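Each in structure tokens, the structures are laid out below.
In what follows, chain A forms one complex with chain B and a second complex with chain C.
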Partner chain A sequence: MNRAEPLILGIESSCDETGVGIVRGGTLLSNTVASSMDEHVRFGGVIPEIASRAHLEAIVPALDAALKEAGVTLDELDGIAVTAGPGLAGALMVGVSAAKALAVATGKPLFAINHLVAHVAVGLLAEQVFADGLPENLGALLVSGGHTEVLRVRGIQDVQMLGSTIDDAAGEAYDKTARLLGLGYPGGPVIDRLSREGDPKAIRFPRGLTQPKYMGTADEPGPHRYDWSFSGLKAAVARCVEQFEARGEEPPVADIAASFQEAVVDVVTAKAMLACKEHGITELLLGGGVAANARLRELTARRCASAGITLHVPPISLCTDNGAMVAALASRLVMDGAEPSSLDFAPDSSLPVSTVLLP
Partner chain B sequence: MTTILAIDTSAIASAAILRAGAEGTEVLARFATEDTRSHAEVTAPAVARLLEETGLSGKDLDAVVAGVGPGPFTGLRAGLTVARTLGFAWCLPVHGVMSLDAIAADAVAAGAPERFLVATDARRKEVYWALYANDAGTPRLLDGPHVQRPADVVVDELLGAGGAVYGAGAGLYPEELSPVEAFARTQPDAVALGTLALERLARGEELLETEPLYLRESDAQVPGPRKKAL
Partner chain C sequence: MSRPLWTAVFQVADVDQTQDLAVRIAQSLRAGDLLILSGGLGAGKTTFTQGLGRGLGVREGIISPTFVLARQHPNLPDGPRPGGPDLVHVDAYRLGSAEELEDIDLEETLDTSVTVVEWGRDRAEQLAASRLEIELERPRGGDETTGEIVLDFEDEDEPRTITVTAFGERWEQAPEWAVDGIAVPQEGQQ
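== the complex of A and B ==
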């Protein structure tokens, strides 16, 4: 195995994107993503079984496209990497089955890696954010439709979960709210757009888990100091819409959208900043699909600037779930001397962030 | 000589390498689990062990054959994903065989009557089933596959009184499905599936594509319109 500049193919199937990416060392060669998003529109959210069915149909064409785009053959690869978790169990199974089959067919080593850490590792690709390696005092704020968390990154193999959502992911809250407001799916882009026409201060929606009993103090942290909850917010939006309707008034959709977005973005960034401050984090990577949200980027940038934190945002195509981030993480691990995973591993839908690579 | 790798994960996970020659079909190596819930873990490693046992590699194979179900979704997809990906990596054709045919082939070999049913466990108190004819020693699909509650399978109407139902689906619901004792725990298996595929290829028959036979829609419900508060 070439450990100096390994050629790695990465497979991602933890949610509704079938991603295959290829990297050589820290250089991105290809990044193919097929999404089943359109098939979820009529349901207003990701349906795991529909996503899994779509993965089966998309995986071989995605492999073919990624290899062609990179101009490499399977024989030339140094290793195969795959998301082992966290994610939707049935969806993970497809990517894992494909990766194992590729490893068997080619005899190449297999690396079963952590999806969340891969979101961070994407920053290691050349011309992305950390060309010279991970900086000191690094944190990551990952906001997506499938997961939402703030991480402390001491090294690519030393990642600690500081906080996460205890119910819906932030992107999921967008989808559910968009459905309530009759705005269709996915909710993120449409709410972001409509919010520009609304008043974010029109309605004061709750910021979940911000009461003192959850927060505690820096010295005596409460049980959810850096955690989020978005289910109460969704209920508050529903109540608000009902109150307008009960009065026979048309709900002010743009104001509700803007106020909802402000509640999400405010609490996400406030808690992330608190976690950074209390853990000496001075460099923050923003990742996940919701990193595409203009208001989230804006407020994160502003709050980072005033807290003296340097913000790094990879290109959006590498923030959303993709195979290149999986390959990027495995490539780094191979360069660091990591041993491959056993072919017998089981995908783990709740894989902890402390497990970067399965044995 | 034709050498194939057969995989079925519609119930248990199984895989086999088989070779058809002048003397008939030879099973070079085989693997099967008892368990019906670990397919994503075990299927590809099993293929690796079969290759090791036989000393063969992908370039020694002529095709990959996969059971296309019906079967529980996640497990079924594991086998189809492995089969399709191996076919892609080895540049081999990948053929499908309906998984219940595997049990039907074994049933015919054991002297099944002229008409018989095959049933497997579909979970949620239902069975997958199909109606077959014993066509001079080869199974011929007459109807199905379907997914139904055992009580709704009209065995007497399809087979007459005392009809024979083969497969673990019948064994699970003996009251409704008059199981053939010797087949009351039989699951679709890659050896039977591969043997059947080789026979069909030898006769010049077209095999199926590898589209999965889910038979059920995903459980997703299209959300109804939100009730307006008035």
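== the complex of A and C ==
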């Protein structure tokens, strides 16, 4: 195996995106993504069964396209990498099975990768934010339909969860609020767009888990100092809409959308900043699909600037789920001397960030 | 459809009281029990389930199952009920029918777990012979006010009405926690 500049193919299938990416060392050669989003629209959310079937249909074409675009053959690969978790069990299974089949058929080593850490590792690619290596005092804020997490990254194999949601993910809160407002699925883009026409101060929506009993102090942290909760916010949006309906009035949808978005973005960034400050984090990577949200990017940038934190945001095609990040993480691990995973590993839908590579 | 054995109604003032009730209910649960949770978006179904998890002493991290459909929380050997049942937490909102619910293989874990199905009404009843149906209701916006539109939701308590209805042999004798909530015993309903 070439450990100096390994040629790695990465497969991602933890949710509704089927991604295949190829990297050589730290250089991105191709990044193919097929999404089953359209098929989930009529159900108002990702349906695991549909996602699994869609992965099954997309995986071979995505693989062919990625190899063709990179101009390499399976024979030339030094290794195959795949997301082993966290994610939807059935969806993960498709990518893992495909990767195992490829590994057996080609005799190439297989690397079973942590999805969340891959979101950080994508920054290691050439021309990306950490092309010269991970900076010291790094943190990551991952916000998507399935995740809301703030991580401390001491090294690519030394990642610690500082905080996460205790109920809905931020992206999920957008989807459910969009449902309450009759805006369809997915909720993120339409709420972001409508918010520009609304007044974010029109309605004061709750910022979950910010009361002293949850926050505590820096010295004596409460039970949820860096955690988020969006269930109270969801209930408040429902109540807000209902009171207009009870009077036979149209709810001010743009104002509700803007005020909702402000509540989410405010509490997400405020808690992330607090976690950074109290853990000496001075560099922050923003990742996950909700990184595409204009207001989240804007407020994160502003609060980072005033806290003296350098913010890194990869291009959106590398923020959303993709195969290149999986390949990028495996490539780095191979260069660092990591051994391949055994072929009999099983996907783990709740894989902790402390497990970067399955044995 | 079997008839309800009894109905208990509880008024709780906030999230803490919601979870305290859930903890008490959980203490009377055992492996094989089925709970069906109802209530609209934001009624507090996941919050209530977090309390159940605490009472059962299962692994923490009970978050919304909407995204993954079902999540299993194993019993903790060093928790309050070592050797007790696991918790299986399901969101049936996007499942169209009882058949689709079968696809996610709940039968496999039913006997060793307490199974909690959010949005499970008219879908999950056939999973077990007995069940508790738990309905969470929050005050509707506009109902209680003097007609004033409320625009500040910042420091709201979250009062709820929680209605527990029991079906099947398993619940013939109402547990202690239910007694306070049963106003009129529904005897002689046959």
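Things to note:
Note that in this section the second predicted complex is superposed on the first by the 359 of 359 C-alpha atoms of A that agree within 3 Å, B and C clash if a C-alpha of one lies under 4 Å from a C-alpha of the other, contacts with A are read in each partner's own complex, and residues count from 1 in each chain.
The working rule: a residue touches a chain if its C-beta (ideal position, glycine included) is under 8 Å from a C-beta of that chain, and two chains touch if they have at least 3 such contacts.
As the structure is a prediction and not an experimental result, all values here were calculated from the model.
In the superposition on chain A, A:E49 makes contact with both chain B and chain C. By the touch criterion defined above, A:V104 lies against chain B but remains apart from chain C after alignment on the C-alpha atoms of chain A.
When the two structures are aligned on the shared chain, A:G146 is found in touch with chain C, with no touch to chain B.
After overlaying the two complexes on the shared chain, residue contacts for A:E245 are found with chain B and with chain C alike.
Of the two partner chains placed by superposition, only chain B is touched by A:D64; chain C is not. Looking at the shared chain after the overlay, A:E197 reaches neither chain B nor chain C.
When the two complexes are overlaid on their common chain A, residue A:D158 makes contact with neither chain B nor chain C. Once chain A of one complex is fitted onto chain A of the other, the partner contacts of A:A89 extend to both chain B and chain C. In the superposed model, A:A346 lies in contact with chain B only, and not with chain C. On chain A, the surface patch touched by chain B in one complex and by chain C in the other comprises residues 43-44, 47, 49, 89, 179-180, 241-243, 245-246. Residues 15, 40-44, 46-47, 50, 61, 63-64, 66-69, 71, 94, 103, 138-143, 145, 147, 149-156, 158 of chain C touch chain A in their complex. Of all residues in chain A, those touching chain C in their complex are 43-49, 88-89, 145-146, 165-169, 172, 176, 179-180, 202-207, 231-232, 234-247, 349-350. Across the complex, chain A meets chain B through its residues 42-44, 47, 49-50, 52-53, 55-56, 59-60, 63-64, 74, 89-90, 92-94, 96-98, 100-106, 179-180, 182, 241-243, 245-246, 343-347. Within the complex, the chain B residues that touch chain A are 38-45, 47-48, 51, 58, 73-74, 77-78, 80-86, 88-90, 212, 214, 218-223, 226, 228-230.
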